[in-house]
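To start, the structure under review is shown below, and the notes come after it.
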């Protein structure tokens, strides 16, 4: 496998020292830059993607493209998967020629997909039945952070597996949080952190609408928020889109928000935890769909709050 | 009036140059350090407090203590008031020997109290009827920030008045946000920013409880939050109290939270703005009162979320 | 005092036997027919109304009109008051020449006004301080029911007072419910029963909107509801207005709904009882105000539910 | 097929005249008495049940028991199915030897099961693909009403099919409501009417708890409700269980309530209709599960309202 020259600043010694054979399945907006980070760190990379062309540049840099998830698993010590949803994750893992069909007893499947807890349990239990190692490692951050190796990684699984994985996971970002022993704990943490985005948007929307109704420019309120105690990225990034009414930013659509919130609420259902804030957000997003905004950025829920308030 | 020596680092030139006669009424946990900041900046200070002894140290540093709010107003160019609630604010301003009774046409009353919008309108309209200048300048921050001159100031009123006040307001903190021309806009901004505290607590409480139910230590979720996109002071300060179940921190009690949320909801009522998140928080705080936690720190609402989830 | 001939069907023996001197203050849409019922039952009636002309027909039938509430109280054994809100109730009772100024130690003030619990306490405590008898007797029903003597009466106060009042209260309707010893219990019951109207409207609105979105005529759903287990007057009366989009029926406006819901929520606040359904209704009604429907019948909240659902 | 003598009062002429061959699949608490009503009306009945013994008495009265759903469908003009949930409905209909495998082009499958809209669509579309007639006919009422022929029937499907079915459906109850042309409209109506049960319980629970907190016996409030405008069966039946704290009535458990509310909310999700009242009920029922009450009657949610209010 021909190696391309990794940039000096990325090739930390401890990662150099332990060069591994790693697979990556799912080269989408997040998966592709994550896979590339592994390559940049000097690892041997085997990839699979339904649309093979998306792997072209990685292959040019030395990755090997194979024809099935099973073929990836067969070749490597660690196989990452980063799929879009429950169905594609299930198919890629346990379908015909799926990861499970090729995974050796020494290898680990690390699923990074944002899936429902029901699916997370299917992954955990399906691998356990086969005597295979499985870890859930969910990430926080958007594609540019994935490219820069600045994702936040939430991993859960057995201590041994996490110990082995830690240096590799650090290719994605310097912070690797060990959430617990049970892989689904990482999935739930991911759903929770995503919920905080939507919930903060609703929170700011109520504040913006009320102050706007009283004649105050929401941008001034945004200045106060982010200039005082509400200056986290979640406030700054989404608040800015909101006060600029920038609803068509190439971000995540209302439908994705609904999917996320539904998975979070279903988790509440599994554990008997009432989540009134999540219900409010769900209703806002449903209302946004009915208003024709299904494909706009989910910050557009501000418009529902504004309309209910008689603005515009 | 005998001057005490202001520390060099506090006596900024522009404040030195414009030494004013300033009054301060209401020397409580916030008012006292704010008054002292004015004294430290070299201003002539006239004070009034119902319990006169609270002014002793300020008087020792050169402040003049007088016997009524009217007497304060009579003496100064600017009179600040920082009272506990609507009733004390109304009495101090428009009661017998109140501020309005002494305020000259050249002076400005600057009310810093967190009051309802109904009270804020009474202040604005009552001064307007008397041809008096009035500004609302609400602050964000706790007593230590007041002592350190690190409050955030939200001021609203006429441009002329704000221009005159700006250097003085900067004694309280470097950030003076001009919210609008109408004083009540500052009051609403203050209620809004306070609401964000309670709302963020509810948001984190739902997340902590759900993850705890799934076996994850809330402290780990707190680490992920504050280590990633939820690292604002509101997350760090309140989240820490929550995961440590530190409900008896000498902070603000549930009853204060209820008062604040009620004022915010009443503002929504005034402007016809539905505020579902505020309603959820109100219900939590009411439940905390019924659970016997009225006097504990308002982060104790986590315990209501935990109980509804069957924890403990 | 000249007696007019009571219709035979109204003059029940037990009421005939105990002819009393009764006062009635507040001859509005509800008060007027209630006062007339007393007259029809053969009682001596003394009345007061701010707009005296509203008493003309009662005077023609034998009632005596006097010039102040105190003058009414002075004359009678029982004085009813039926005012519009807290302020008018307070003024009529404890203001200059108010009921309390004329009420003898043997007489009872029976307040029928729908007031807040705070006002209800002021009535109870104000009379208690003066050593006066006081009962709260709230009624359910609209003006036609008042005319027909078909109101439902919820009374609370001392057993002795209620025993004395019972035959008189039955002039308003055959059902007199004794809610408790403390007058405010009747006020709370009244607020509660009113809340059930608004809450049932929201409940039906969600059902109508969802089925309409699925292509089903809400009138068919209304038929099923009222033809099966949801056939109470609250379903039939308000459901019919809803499915016919009859928002300008000369009923009660959105603003009255808001007032009622606010009083109910404030009662929840007093007792530490979370009321999430009430909060939802409040938000709907606020939204109706913002949509310009403040003066339409409160069933118009269906339009808010429909708009949020993308209907029309 | 031997006929047993139908009681005179049940054998209405028009049903006598049109004796049909009818199948019934699913002889549970509801299905069994419904099947028997068909037999009583003189129809030829073919039945299937997973546990065959449940058909013993029907067979003794003349019904024919066969070994698969397909065998039922093969024999009859109309085949009813009344299964417990989505999965059993799907299996019974489209599984191996399911209804669809035996249904002739002249016969109609009438599904009475309470299923999700997703399942309702699978039924409709699955039959349509096979060119088979399909109607959804959902019923309201408990087993005793099924025995007495007093169910309320909500049917949806093609006009022709409904015309043919109407006399047969009247065996279940005198009221057959035609909800629409699309079978899923009946399913949605059923989910909606069920939601009104849960929602009315929450509504009454808030009222009972608040009045109890104020010292009023909830039984008195129940008397006022059911003695005035809230006297529908939904108020009387569930309200009585609530005020008597009769949570172990052999009714429907919390888990069933959760299933129903989830299906209703999912329907809202399908159509973009916010359903805040449903969310509140869901949270209450989840809380009941966490309190260990999963298997008690769903009116036990009153205890959650009481606990949040600090009662007991």
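A, B, C and D label the chains in the order they appear, each numbered from 1.
Just so we're on the same page, contacts are C-beta pairs under 8 Å (C-beta built on N, C-alpha and C of every residue); 3 or more make two chains touch, one makes a residue touch a chain.
These numbers come from a predicted model, not from an experiment.
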Give me the fewest steps it takes to get from chain A to chain C if each step has to go to a chain it touches. 1
Of the chain pairs B-C and C-D, which one is connected by the greater count of C-beta contacts? C-D
Quick one: which chain's Cα centre is the longest way from chain B's? D
Using CA atom averages as chain centres, what separation in Å is found between chain C and chain D? 39
For the pair chain B and chain D, the C-alpha centroid-to-centroid distance in angstrom is 56
So which stretches of chain D touch two or more other chains? 268, 271-276, 280, 283, 287, 289-290, 308-310
Per the touch rule, the chain A residues reaching chain C in their complex are 276, 283, 287, 289-292, 304, 307-310
Residue set of chain B touching chain C in the complex reads 258, 262, 268-269, 271-276, 279-280, 282-284, 286-287, 289-290
The chain C residues in contact with chain D across the complex are 140, 152, 154, 175, 177-180, 182, 184-185, 188-189, 192-193, 195-197, 199-200, 202-204, 206-207, 209-211, 213-217, 220-221, 223-225, 227-235, 267-268, 271-278, 280, 305, 308-310
